[in-house]
């Protein structure tokens, strides 16, 4: 494959363009197939898959805030087996470039999940979700610990060989760049930043938290400045490509992430109100080229 | 003084009502005297004072984001001496209830500043700003370290005796409740949460960061869910009163903070667009009482 | 009923007719290529490009003719207020038709509709589209609201075989809630009992299930939930539903909006 | 000029007169109790209660009569677009008059105004209010923009002793920038040299200081900066200014808007 001008390489894998759908909002991609030409995208990052199917959280799952969206979906997903047998083939047959997002509650589960993924050569890239704030276990307490990140990423690289491995990080820590460094050290091919920011909402009238688990994950335009500073800091700390995500709602927003040091971007919440955005960004970049980063070393 | 129904006690000090102006946006309060009846407020928290005058940061200092405001003022202030001789008397003479916000770059400076404050019996309450993200030193690296928080708070209580001491915390950490616990253990009379969230903006066109120091502090409606979860977590960890701050823009928003466990609130960014808000909230609560917290122990 | 292709459309507002002080009917120009739809399906409308509010808002299709697409809009917050203030000539960004299930034509030819508030919308659509077919079902509408001025009386005139109204304050029709009215009519034997279709506040539907559900051979209900994607992707609009012994989370937007009311795990559905 | 009491007002829009394709004059009903103001002072306008955009926007007072308060509004982004779209009858939440300094009546009775773009607004106010006094100063306006259709020609007619125009593209008046025009007129001895008052883009004012500043006995300039509070509290709108050897940060909103142009630390003022 010759690299096009807007192509982006993440480890061993080259994507035609640097505009991806973020994990979660677009499900397995297929649900949006009537509205988005998935084959035009650099990649679709799937909803995070776990070894077993997960029903997700009970109670209310969505709430709008000023400029943002709180969600408490809680990693509802069909589980690895159904994903691999039912969803994956349609995506691959439909010529959709995929990054499969995975997460696990513990080491043994992670190991098994990786084996299943590794057995499918058509999966060329994996994003390890080390950062979901909406689950009791397997989210933050792994993702906030550089030692465990290293452990998980190293094992993933060992098992997945020449597939690309991205580590998706949480912003809910003092220093996200330290986490990125741990992932890079363990052999990650790229860093995805950021997952949602921990927040909550109260129902003023009833006086109760909106969500059963109380806290939820904040996404959307409100968090853009938080995502941008994460990308900036990480890009000044590691040398592997960074995939920027958080609040991107316009071509201009996308540009900011490349300026801050991202090599690719993901769109999440914005597709809910503007599903045409990813394709518009791709066109804009095809036209004017991918925005150059601000001189990386002077930050 | 008999406590009114909407009065709130923080350590040794009783405020007539639980609605304060946050440190910073309203300066020394005096600048807003034509627009806000400062005597109606529970208290005005002053702009953070340092031992020496500080010129603040160079370059652009403000930038609007979706639902939020980034600032990089950098603790510009007139310094302790001018504050105590020029600002404090007019405030006290004008019957404004005050909480003096203080910060220091290091221990020696902190010690001296406290002595100066302690020498003024008319100062009844102090808020230690342990959390400004906009200064090179004296902000986050003290405020993110429970050990140093304990050290600073304990010393402040020792020197200030029966004055109220509040510790103002940063949300830019994994676990803000741990910081609150350290402050409580050291004798703090209350916790103020939160200061601004670290963020940044890029100028998409020029490709440069908007702010000279790159990162800046995010405030306003965008951060409300982040502030609310901080208050919730802290209120389930400590027993001292919590002063909630972050994005409050309506009576309903204020109510949410009391529901989440705050005993008082502060309004910052909202006064820029709605300086009448603090007085409206006070009136609403006088009318309907202070909103009760969600059953505190079940969180 | 299988889902049909959905699309993204810019539609023009043709008319905005006030119905009650807090609601109106928005008649939109049905755009080229907008697929046919079924009662219980909906569209999702973007209300502003200021991103305030951020999300689209779901609205039931109240009528769909060769030329028009109509919505019944009640103002309850900032998004609906924006929608209700659209003027003729304005253009709206909508996706639709959404919803993987809908109210089927009643097999027995007789059906009872129970509607609360704006839950009337899909039933107007059903009445109008089924009436234009060959067979004309016998439709008994039971329709309730708080008070008379919240009943969309203009809308129901002439559409149904029989219409029974209920208001909590007694200002029109039966004084009490629509579930009780249903019980009363059932007791008098005035309703057919094969198909019950309902749409309205959660409390109303739950009460229907408990109090009269067993009297009908079938009870289908169109549910509402806060939505983000509207297409089954985000898993934000789920409702717990029994599949035999197992409780599973179904997406209102794509597995619904129409569910077997008895299968909904009402006790587990907290919001 | 000392600051006068400021206040918070709801003002009605009386007229919105388009001036150029991207700008208009907003004539507001001067509310009861709105204090008198001076050229260089401004008001700060809340544009929406959706909080998008969040902050008020500062606008120079372009005219203040017993009954009206006028603004010159150029659309450059979402806030100004909202303001420029206000219709007669609309009501705006403003605070003002703001600004601790203003352009004083020229001691010598003669003054040169150099304006770029909407920087014209305070000079319209100055010309109109000084003209209504007893003494009538001799005012020479030098006024520049990119092109003819960005010059607010209607506004300047008859207000000044002499008006000299400059456009970058040469479509009206002198072809080039207004600073060069000023140099030329000075060289020909056609301008009085005691007071230079300027208002416009930062680059224009800085070039004035460098290229012609020394020719005038005094150069005062009204500055702009992004603002939040507008009252000197938040320290967001500062500009570095020399006080003797010391550089201090002054707030444009309360220490200005009018500063001695030579005292501004132009090299240090990055934005």
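Read from first to last, the chains carry the letters A, B, C and D; within each, the first residue is number 1.
Here is the rule we use: a contact is a pair of C-beta atoms (placed from the backbone, for glycine too) under 8 Å apart; a residue touches a chain by one contact, two chains touch by 3 or more.
Small disclaimer: the values here were computed from a predicted structure and weren't measured.
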item: Co-neighbours of chain D and chain A - touch as defined; value: B, C
item: Identity of the chain that, by mean CA position, is farthest from chain A; value: D
item: Centroid distance [mean C-alpha coordinates] between chain D and chain C, Å; value: 56
item: Cα-centroid distance, chain A relative to chain B, in whole angstrom; value: 34
item: Geometric centre distance via CA averages, chain C-chain B, whole Å; value: 48
item: Residues within chain C bordering two or more other chains; value: 51-52
item: Per-residue multi-chain contacts in chain A, two or more chains; value: 66-68, 221, 249
item: Complex interface listing, chain D residues touching chain C; value: 50-52, 78
item: Contact set on chain A toward chain C in their complex; value: 24-28, 31-32, 34-35, 47, 55-56, 58-64, 66-69, 71, 73, 76, 212, 220-221, 249, 269, 271-276
item: Chain A residues touching chain B - in the complex, by the definition given at the top; value: 65-68, 70, 144, 172-174, 197-204, 207-209, 214-216, 218, 221-226, 228-229, 232, 247, 249, 252-253, 255-256, 259-260, 291-294, 299
item: Residues of chain C defined as touching chain A within the complex; value: 5-8, 46, 51-56, 95, 226-229, 231-238, 240, 247-249, 254, 268, 270-271
